[in-house]
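To start, the structure itself, in structure tokens.
Note that the chains take the letters A, B and C in the order they are written out, and that residue 1 is the start of every chain.
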Amino acid sequence: MATDGQAAAPVAAAADRGADSDVEVALESLGQWQLAWRRFKRHRLAMAGLAIFLLMIVVAIVGPIVAPYNPLNIPNSKIPGGEPPSLTHLFGTDDVGRDVFTMVINGARISLAIGGFSMLIAGFVGVAVGAISGYAGGIVDNVLMRVVDVLFAIPFLFVILVAARFFGQGQVIPLVLIFGLLSWPLIARLVRAQYLSLREADFVEAARAVGVGNMRITFRHILPNALGPVIVAMTLIMAGNIVLEAFVSFLNFGISPDQISWGNALSNAQPALSLGNWWWAFFPGMAIALTVIAINFVGDGLRDALDPRSHL
Amino acid sequence: MTEELAGAIGSGPPGPDVLLEVRGLRTHFHVMDGTVPAVDGVDFRILRGRTLGVVGESGCGKSVTALTIMRLIDTPPGEIVAGEIWFDGRDLLRLSDEEMRKVRGNDIAMIFQEPMTSLNPVFTIGDQIAEAVRLHKRVSQREALNRAIETLSLVGIPLPERRVRQYPHEMSGGMRQRVMIAMALSCDPKLLIADEPTTALDVTIQAQILELIKEIQQRTGTALLLITHDLGVVAETVQDVAVMYAGKVVERGKVDQVLLDPKHPYTEGLLTSIPSHVARGQRLNVIKGTVPNPFRMPTGCRFEPRCPYAFEPCRSFEPPLELPYPASAADAGRLAACWRHVAADRRPGPSATSHVGFAVSQRIGS
Amino acid sequence: MSPEMPADMSGLGANGRGSAVTPGSPASTTAAGRPLVEVRDLVKYYPIMGGILRRHVGDVRAVDGVSFDIAHGEVLGLVGESGCGKTTLGRTILYLQQPTSGQVLVDGQDLGKASAAELRRLRAKIQIIFQDPYGSLNPRMPVLDIIGEGLVAQGVSSAKIRNKQVEDALETVGLRREYSRRYPHEFSGGQRQRIGIARALVLKPDFVVCDEAVSALDVSIQSQILNLLLDLRREFGFAYLFIAHNLSVIEYVSDRVGVMYLGKLVELGDIETLYGDPRHPYTIALLSAIPDADPRVRRKRLVLKGDVPSPAAPPSGCRFHTRCWLREKLGNPERCVVEEPLLAPFAPGHTVACHYADQVSASSAAEAAAAQSAVETAVADVG
């Protein structure tokens, strides 16, 4: 219809085909992401979760700069430790007089970094493996999925503890890698399952019918449609890994004591159990719980927002 | 004629020959973006032993009407905003949940479109029918099973004694729909509501099921409310018809009156856009545009934006559902909601008549 | 009205069912030479895997030896009930599914012998319109990309040219050019179907498979889309394989019609013959089953007994013999069970696969219907 001789035809045709133009209700044009955002905004808990989560990130970034005290410096020994919360020490102090508020603020950086970056690694590896598995099929698929099965079968905690002790060395980057490389199988399986169902979708068949190649079908047609559940799963992984870091550090397998994470702060606070100065353990614990709950709420909201079938 | 017209809201129960009378029914759904008036003023009646077809396109509210009669609307998001549903002398909307449970399945039975999902896959069909019987009748399991076998043979299922022990997945779609019908009939209902009972079936199976429904209706004398989008099914299966558009009944009457001489432009448009009624090579008639956005219903007649006859009052005033004017003897008992069929002196605003009709627009269209 | 369009509708007949087309016979050719699409003994089996070892235990014979031609600009309707293999046939002709055996030639080129790259290139010529206006558009892509994908795949690398062609296509199917930036969820079912049509026509195909393209639409929208499809055919000379279960729609659009039952073509003929003088008992039953919206038409329906048998275990001989009313009327001849009837010429432009096609007529069908209703009443009374 692009030939010159027929240039005038489409206009006339469109008018006479009388499509819906004349009575059509004005549709708002919103992109997929705008629409998802609109749906997300309706989810009150998710919005609250998002606010808390963003606040935590801001704290992690600027907190250490504006924190009132140095988190690691043990202050003048004349000042007694173990002070309860007060105006000078909002969350109280530990047994040697370090400010717990400062510890929580500083801990956010490492805890969120470990949760966030390990999530990104898991997402990246998981999506890649899942997509390759779904795209290639056959032997490649079989091998990759058996690897995933094995990773699911091994006792996760044990491996984490051993790996954290031998490769972690109390540093952030090795821990991020360990956590990330152990949590991707979930994502890979999810992506592959999505791939298998979407491969049968009419719109994929339609893309094949116009001559689109396999590679492009995988990455342009299937993957974007598989991302919704993947993003939701990634939020769960992030929340899980923040808890995991706290757990590993609490057992002294994690972050070395010269750095501050929430898990470390909790680990340091073990004497609080016997001393009775609850604030020492309470506030780092609350920080973890609040963040994890917030992230889970965000995940919930994303689940609804990213489902193209859900209504406006 | 007056006895054929639906009574006004608040005028009490209809006469004894009326089995079901729906008056001014409104069922709305409150969703995130606002309120969807799915059913927004529906009036019709079914006399005892008669059959009524409700036709309309998807989203016109026909299925919601059926679910409202059964009081199966989830609240929230749904809400029955107004109206009366007189069934056998009682207003169903005033019954308690307990009383309504006794009506459902017993006095009014329903058949759904999808026979696969309507049957529970983990029970034998005999158990499912027997359970339906025992919900409403004090009989032993043995008697209930016998009743199941009886109804299965009534709906033409061969070897019913064997079939009662089978599971739904062992049967084809047509068989399952027969089972659904058997289950619906197991308590001798006074009214059978069939919601698109043949839409999911193939033509030859559809023919079997329609014949079956007709035959059973005639034999048992139960009244039938058939909901469908297919005018062909209506023409062949029922005696009366109500046409719905955008939540409202726009035309009602006997099948011959409505399908042979439609008074509402929507009915006319539907009929003329069926391919079998147009010679090959001719363009099909088209109802231009699409159904209105439920959040922004037109203020006057809801069909006005798509209507080739629309004129002065249509844009601002809702036409009443009444006997079309001028009425001949053949029009007795029929109703239409269109300003063209209201006497000029009773129309609001300055009177004028449009002369543009489907025939003309068709010529322009080609 | 465009200057190319003839003022009256007679142009359609001249283009569509002109003398150039000799419908029916497998060797039919156009004035230009050979037919556009030649389907030769096409077979598509789906293996059934069973047992713990997932061994091959049988086949679903979705398409089981189907042959026909489609001429340039011709509309071949294909009817049949669900599970008869008509959708599989459509997909297999386009090589969206690899056939088990048989050939598909488009313009003389064997699709089975084409390399993957050649096949992708050939796809521009052979297009498909899907049934489900919701599932067939990628929900994460704007209309521009949905329609433009084919152009990208066919090597139109300039985004500017692509956009122009996509917008022209939108206009051709009766949508606004600006819609190219919108996403599928912003459109109604009918509009989505127009987008699906634009996706096919932007590649300027010769042949389009319409797989139940109007079945999911409401009557009033259905007529809009049917008009559009026929307009496009007139403008661009498309040939269609029009797959549908709705016989009124098929009658309205087709030049010739094929009737499928359990993976086989049982009757093929031009439209007047097939609807006016059908010879296969199944075709007659199908036609008799259409509900008519005209209440004055109160014919006796010929209702088929039983269900369609499973395509994994089709009946022996004639696959229709388990439900055949004609066989019953003829005293259940053994031949139908033993010998498979082949699709053989019955009259010029009319082929039928029935041993007793010459015994079929409208009156015999009417008799059968009457006899049947008598029997049915008797049976029902006993029940």
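In this text, a contact is a pair of C-beta atoms (placed from the backbone, for glycine too) under 8 Å apart; a residue touches a chain by one contact, two chains touch by 3 or more.
The structure displayed is predicted, hence computed values, not measured ones.
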Touch-network distance, chain A to chain C, counted in steps: 1
Chain of greatest Cα-centre distance to chain B: A
Chain A and chain B: spacing of chain centres that average the CA atoms, whole Å: 50
Distance from chain C to chain B - Cα centre to Cα centre, in angstrom: 32
For chain C, residues contacting two or more additional chains: 1, 188, 190-191, 224, 227
Chain A: positions in contact with at least two other chains: 16, 18, 20
Two or more partner chains touched - positions in chain B: 286, 288, 290, 365-366
Residues on chain C engaged by chain A in the complex (per definition of touch): 1-4, 91, 94, 96, 119-121, 123-124, 127-128, 130-132, 135-142, 146, 149-150, 152-154, 164-165, 168-169, 171-176, 181-183, 185-188, 190-191, 194, 196, 199-201, 203-204, 224, 227-228, 231, 235-236
Partner chain B, residues of chain C touching it in the complex: 1, 8-10, 12-13, 81-82, 188, 190-191, 218-224, 226-227, 230, 245, 247-249, 251-253, 271, 285-286, 288-298, 301, 303-305, 307-308, 379-380, 383
Contact footprint of chain C on chain A as seen in their complex: 1-2, 5-6, 8-14, 16-21, 27-32, 35, 201-203, 205-213, 216, 221, 224-225, 308
Touching residues on chain B, where the partner in the complex is chain C: 57-58, 153-154, 156, 172-175, 202-208, 210-211, 215, 219, 229-237, 255-256, 259-260, 269-271, 273-278, 280-288, 290, 365-366
